[in-house]
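What follows is a set of structures to go through.
Both of the next two complexes hold chain A, though its partner changes from chain B to chain C.
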Partner chain A sequence: MKDFGYTINRDRQIDYDALPRDVYHQLKKMEPSVNACISCGTCAATCTAGQFTDFSLRRYILLLRRGDNSEVIKNIDKCMLCGKCMLACPMGVNTRNVIQSIQLIINKL
Partner chain B sequence: MHKFDPFVLPFTLGLIFLAGCLATKYFTWVKNLPGEEKTKIKKGIFTLKSLKALQEVFSESLLHRKIFKVNPLLGYMHASLAFGWFLLIAAGNVESRFFYHGHSSPPYIPIFFRFFQPHPTNFRYEGLFSFIMDLLLLIILTGVALAWFKRLYSKYFGMKKTTVLLLGDRLALSSLWVIFPLRFLAESFTSASYGGGHFLTSNAGAFLGSFLPAQQLVYPTWWAYSLALGIFFAALPFSRYMHIPTEVLLIFLRRYGVSEKKVTTSFTNIEINSCSRCGVCIDPCQLASVANIKGVQSVYHLQSIRNQATCEDQSMNCLMCGRCDTICPVGIDIKSIRMAQRKQQAIQKENAFSYVSKINVKKADVIYFGGCMTNLLPSVKKSMIDILKEAEINYWFMDETDSICCGRPLMLAGKEAQARELMLKNKALINASGAKTLVTSCPICFKVFNEEYKLNIEVLHHSQYLLRLVEAKQITINRLNTRAVYHDPCELGRGSGIYDQPRKLLNKILHLNSSSQEKENALCCGGSLANLKIASDERKKITLHALQTLTANNPDALITACPACKKTFAISAPITVMDIAEVLSKSMVRKDRRQINRVKIRQDVPEEVEAG
Partner chain C sequence: MKHILVIGGGVAGLEASIRLSELGFSVSIIEQADKLGGKLNRWDRLFPNSLPAKDLLQELESRLNSNIQAHLNAQISAIQKNKNEFEVTITGGLHLSVDAVLVTTGFEVFDANKKEEYGYGIYDNVITSAELEETLRNGGELLTIDGKKPNRIGIIHCVGSRDEKAGNTYCSQVCCITAVKQAIEIREQLPESEIFCFYMDLRMFGRHFENIYKDAQIKHEVQFIRGRLSEAFENSDGSLMLKVEDTLLGKPLKMNVDMVILMVGMVPSANSNHIKNILKLKTAADDGFFSPADKHYESLKTDMPGIFIAGACSGPKTMENTINEARAVSIQIAEYLKSNKHHSITQILETVKL
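Up next is the complex of A and B:
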C-alpha cells in the first residue's frame, strides 16, 4: 500500500475487562461491607499509619476496584489494625476486616 | 462359684481398649508438656495440692457444684449421672469384696454381680447392698430421664440453647443412655426369675414378669447391658465423654500450676478433651443470644480444634469478652486457647512498621497514654488534661500527636510479631521519658501495658489513677446530683480484674445504681476490637441489648471507663454517656473558676450539691 504519510492512532481506551479485579471480587465475598465504601476518606484522615507514611485505605479500595493491585500489595502490611478508621467510617464498613481479608488474599497469591 | 460367662466379653474388651487408649494418650500428652510445666508437676505431686485436686474432683467432676449454680435442675441431672454412677461402681466393688471374703475378682464381677449371684442365701449384707444398689440405680435413672427430657426442652434446665451435637456424639450419647435402663431390665428379670433385688428391681421384676417371659429374657438383657457398656467405652475416647477421665487429669495438672501458653502445647490437648460440650457457654455468648451468630461459640471452637478443622472465620468471630470463660464449669482457659489459634492462623511479618519516624520524647513524672480510641474522643482527652493540670502533675501526653498504637489490636488478631515491633518502639519512648508512672485511659492499652510490655514502672488505668488523686486530695470534688449506672468494660473487668476502684471513685461523686448484669456478669458493649468478622448491624443489636439492661432502672447517665465502649454506646444511647474522666472533670473544684465544664447531664435537676 502507498505510504501517504498518515498514521493511524491506536485506540486509547481502558479495557476494564482486562484488569485483574479478582482480588476485589474475593474481597467482596470475604467482607461484603466493602461495597458500602463511598470513598469519603474519613478513614485515611484518622489513620494512625497515615501520620508517618503513605497509607490510605480509601485509595486502596479505589485501586482494588480498578484492578490496580500492585500498590496495595506493597503497602497493605503497614496497617496497625488500631481501629480508628472503623470508629470513624460513616458507612459502617468493617474496615479492619477489609484489610485483614486483603492481607489473606494477597498471602495466597 | 462360677465367675465367667461369655456375655462379659463386650464389657471387658471395651474396658481394656479404653484403658489402653487413655493410658497411651495421657502418657503422650504429659510427656510432651514443656519442661517447665513438667517441673511444676514434679514439685506439686507430693504436696497438699494433690489433696486439693482430689477435693475439686469430688466437688466438680462428681457433684458438679458449678453447674448447680447455673441451674439446680441442670446440676442435679449431671450430678445424678456422674456421682450416681461413681457410687454404683464403688458400692458394687465393696459388695463383691464382702461377698467373696476379700478375694479379688475380675473387674466385670462387681458390674454383673447380680447375674452371678442373684440371691445369695449365705450373704449377711445382701439386703443392705441390694437396697443401696437399687437406690443408686433409681437416682441414675432419674438422671437419664432428665437428660433425655433436656434434649427436647432445655429451657426448663435454664438453657435457652444447648449444644448441637455431631453424629459421633449422638451415637455415644445413645449408648450411654441405654446402659442404665438395660441394667434395670436385666436385674429386674433376674429378680423375677431367681429372686433377690430390692424395692426397685424386685417390684419391677414382679410387674414385668406378669406379662413377659422373664426367664428367657434374663440372658439377652445381660448381653445387651454388656454390649452397651462395651460400645460406650470404645466410643468414649472419640466423643465428648472423653471429658470424664480427662477432666480429672486437668484438675490435677491445673493445681500444680500447669497452664496455657501463647502457643498450643499438649496441655491444650488435655483442655480441649476435657470439654464435655455441656453447652453452658452458649447462652452467655451475646453473639448467640442477641446477634444470632451460630457455630463460633467456645464449645464449637474447641470441637473444631479437636477435629483439626479450625478456620479463621470461626476463631476471629469472637468478642473475647470472657463471659464463656467465666461460666465454664470445667474451668477451661478458653480465651488463651483461642488466642493461640489466632496466632497460629495469622501471617506474622517482621519490620512492618519501619516507616515510623522518630517520635519526640518529653521527660516527665507521669506518662498519660490516651490510646487510639481516646484520640477520637476529644472530650475525654480534654477532661484528662484538665484533671492533670488541676492536680499540677508533671505529665507527658505521650500520644497527643505522632502516636502509634499500643499493639494490642494486632495481638488480638494473632499478629504477634507485628505487635512486638510496636511494643518495642513504645517501650523505648516510655523508658526514655524517665517517668515513674504510666496512666492510660483505655483498658485495651492497659491490659497490654500491664501484661506484655514488662515495664519497670507502675502501670495504671485512669480510673485507678484518678481515684488515687482524689483520695490524696490532689483533686477536690463537689458532688453531682445525678443518678448514674456504671458499665464494666470487658478488658478492664473480666480482662484485668478491676471492678471496685471505678465504683469507689464514682460513689464519691454521684449516686450509682447497680445493674442486673455487672462485674463478672457484665455484658459486652459490642464494640470489641477482638472480633474482626462481626458486621456493624450485628454489633448494633448487641449494643442495644446491653443498653436496655444497663438503663433498666432509668439512670440519668451511663458511665464507662473505656473509650471504645463510650463511642459504641454514645451513638445509640437514649441518655448521656460519659467517661469516668469526664465525670470527675465535671465535678472537680477548679482553682480557675472560669474553666467550669458547661455540659448539663439532666436539664431539670440542679447539678451541684453544696459540699458538706
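Up next is the complex of A and C:
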C-alpha cells in the first residue's frame, strides 16, 4: 500500500449501543453479587496474577458491563482461582464465582 | 407574651413555630407563597424511609395552634431594632413588634437552564429531579414527550453543584441519595427500564444511605458510571446522546437514552439577599448561604443579637437535619428571650480566659 505519510487511529470510544452485553447479562444471573461492584480495585490490588500479568477483575467487570468483552475473553484464564480477592472485597462480591462464571460463559460462546 | 418573627413557612419555619408556641411564645410566620409547607408541597417521598412528604406536611399542619399566626403572600419590607425589640413592617403595611427573629428562608433548586450543554429547556426529554418529584407526587407516570415509556434513562449527578462553571463550588449533599431514591422509584414504576447514574463521586453520607445505594445496585440493577456528562445531543426521534468519559476504564463513552434527569443542587432562596440586606446578616462568599456566628458552637445564631437561622438557609442539608435544627433553635431562642443576652462564642471564650 502506498505510504501517504499519515495513519488513522482506531476509535477508542465505547459505543454503548453497538456492543453486546450478553456475557454480563448471564453473569449477573449466575452471580448477582457482581452488581455490587463499585470498582474500588481491592481485588486487583490483592491479586497475585495481577502482579505478573495485566489481569484485573475490577477492569474486567467494568468491560463486561459495557459489552467490551474481547480483553476479558483473552485474559480470564490467567486467574488461578486462589480466592484472595474474595476475602478482600468490601462489597461482598463472590469474586471467585464471578471469575468461574465468566469462564463458563465464554467457554460456551 | 414574647413574640417571635419567623421568616419562611417551610419545614424549618413550621417546626420551629410549633416548638416555640409550645414553649409559650407567640409566633408570626411570614411566608411569601400562598400556602405553608415550602418544599413539602413539591416532594413526593422523602429519603431514607420513603415517608410521603404529604404526611409530614399534614402532621406539621395539625400541630399549628392559636399562638401561631401565618401571613401568606407576604414579604418583610423593613425591620428596625429598638433596644431588644424589632419593629417589623410587612408588605401591605402591617406592623409587628417582636422580641426575636428566626430566618428559615430555605433554598431554591439550581436553575438547570444555566447548564446549557445538558439541554434543559432546549431538548424536550431533559427534566430535573424536582420535576420528576412533582410527577411522582401527582401519581403520574414518567413518560417521554411523545407519551412513551422510556426504556433507558440517564440520571446526571452534580448539576449546579461542585462546578465552578455553574458558579457553585460546593456539594449540595442531598442529590446523590435523591438520585438513588428516584432511580429505585423509576424502576418500581418501569421494571423493564435501564437506569444509568453518571457521577463524579458518590456521597452516601447519611445513615442507611449506603444500604439504599447497594439495594439500587443489586435489587434494582441501577448502573453507576463514573464520569461527568460533557454534553447531551438530541437525536431526530427526541432521544438523547450522552458523551462522558468512563473514567474507571479511561475511555470515552457514548450512549443513547430516552430521557435525562438532572439532579439539580441547592442555591440560597431568591429573596435571601433581600433578607440579608434588611437584617444586615452575613453570607459566605463561596456559596451565598447565611453564615452562623460560629460553625460549631453557634451554628443557629447570627452575628446580630436576637436573629437566628435554621434549615437550608444556612447551607444544603437534609430534611432530617433541618427538623433537628428547627427544634434546637427553638431552645436557643427561648434561652435568649429568658436572659435577653446573645452570647457570642468570643464572649464565651473571654469568660473562659478570665
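In this text, the second predicted complex is superposed on the first by the 94 of 109 C-alpha atoms of A that agree within 3 Å, B and C clash if a C-alpha of one lies under 4 Å from a C-alpha of the other, contacts with A are read in each partner's own complex, and residues count from 1 in each chain.
Note that in this section a residue touches a chain if its C-beta (ideal position, glycine included) is under 8 Å from a C-beta of that chain, and two chains touch if they have at least 3 such contacts.
Predicted, not measured: the structure shown is a model, and the values here were computed from it.
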item	value
Superposed partners chain B and chain C on chain A - clash or fit	fit
Partner chain in contact with A:Gln13 - chain B first, chain C second, else both or neither	second
Chain B versus chain C as contact partner of A:Thr53, first or second or both or neither	first
First, second, both or neither for A:Arg66, with chain B first and chain C second	second
First, second, both or neither for A:Asn35, with chain B first and chain C second	second
Partner chain(s) touched by A:Gln26 [first = chain B, second = chain C, both, neither]	neither
Which of chain B and chain C A:Cys82 touches, first, second, both or neither	first
Minimal inter-chain CA distance - chain C and chain B, angstrom	13
Chain B/chain C common contact set on chain A	32-33
Residues of chain A that touch chain B when the two form their complex	32-33, 46, 48-49, 51-53, 77-78, 80-84, 87-88, 92-94, 96-97, 100, 103-104, 107
Contact set on chain C toward chain A in their complex	214, 217-218, 221, 223-224, 226, 246, 248-249, 251-256
Contact footprint of chain C on chain A as seen in their complex	12-17, 28, 32-33, 35-36, 38-39, 58-59, 62-63, 65-66, 68, 91
Residues of chain B touching chain A in the complex	312, 316, 347, 349, 352-353, 355-357, 372-373, 375-376, 402-405, 407, 409-410, 413, 415, 418, 422, 529, 532-537, 564, 567
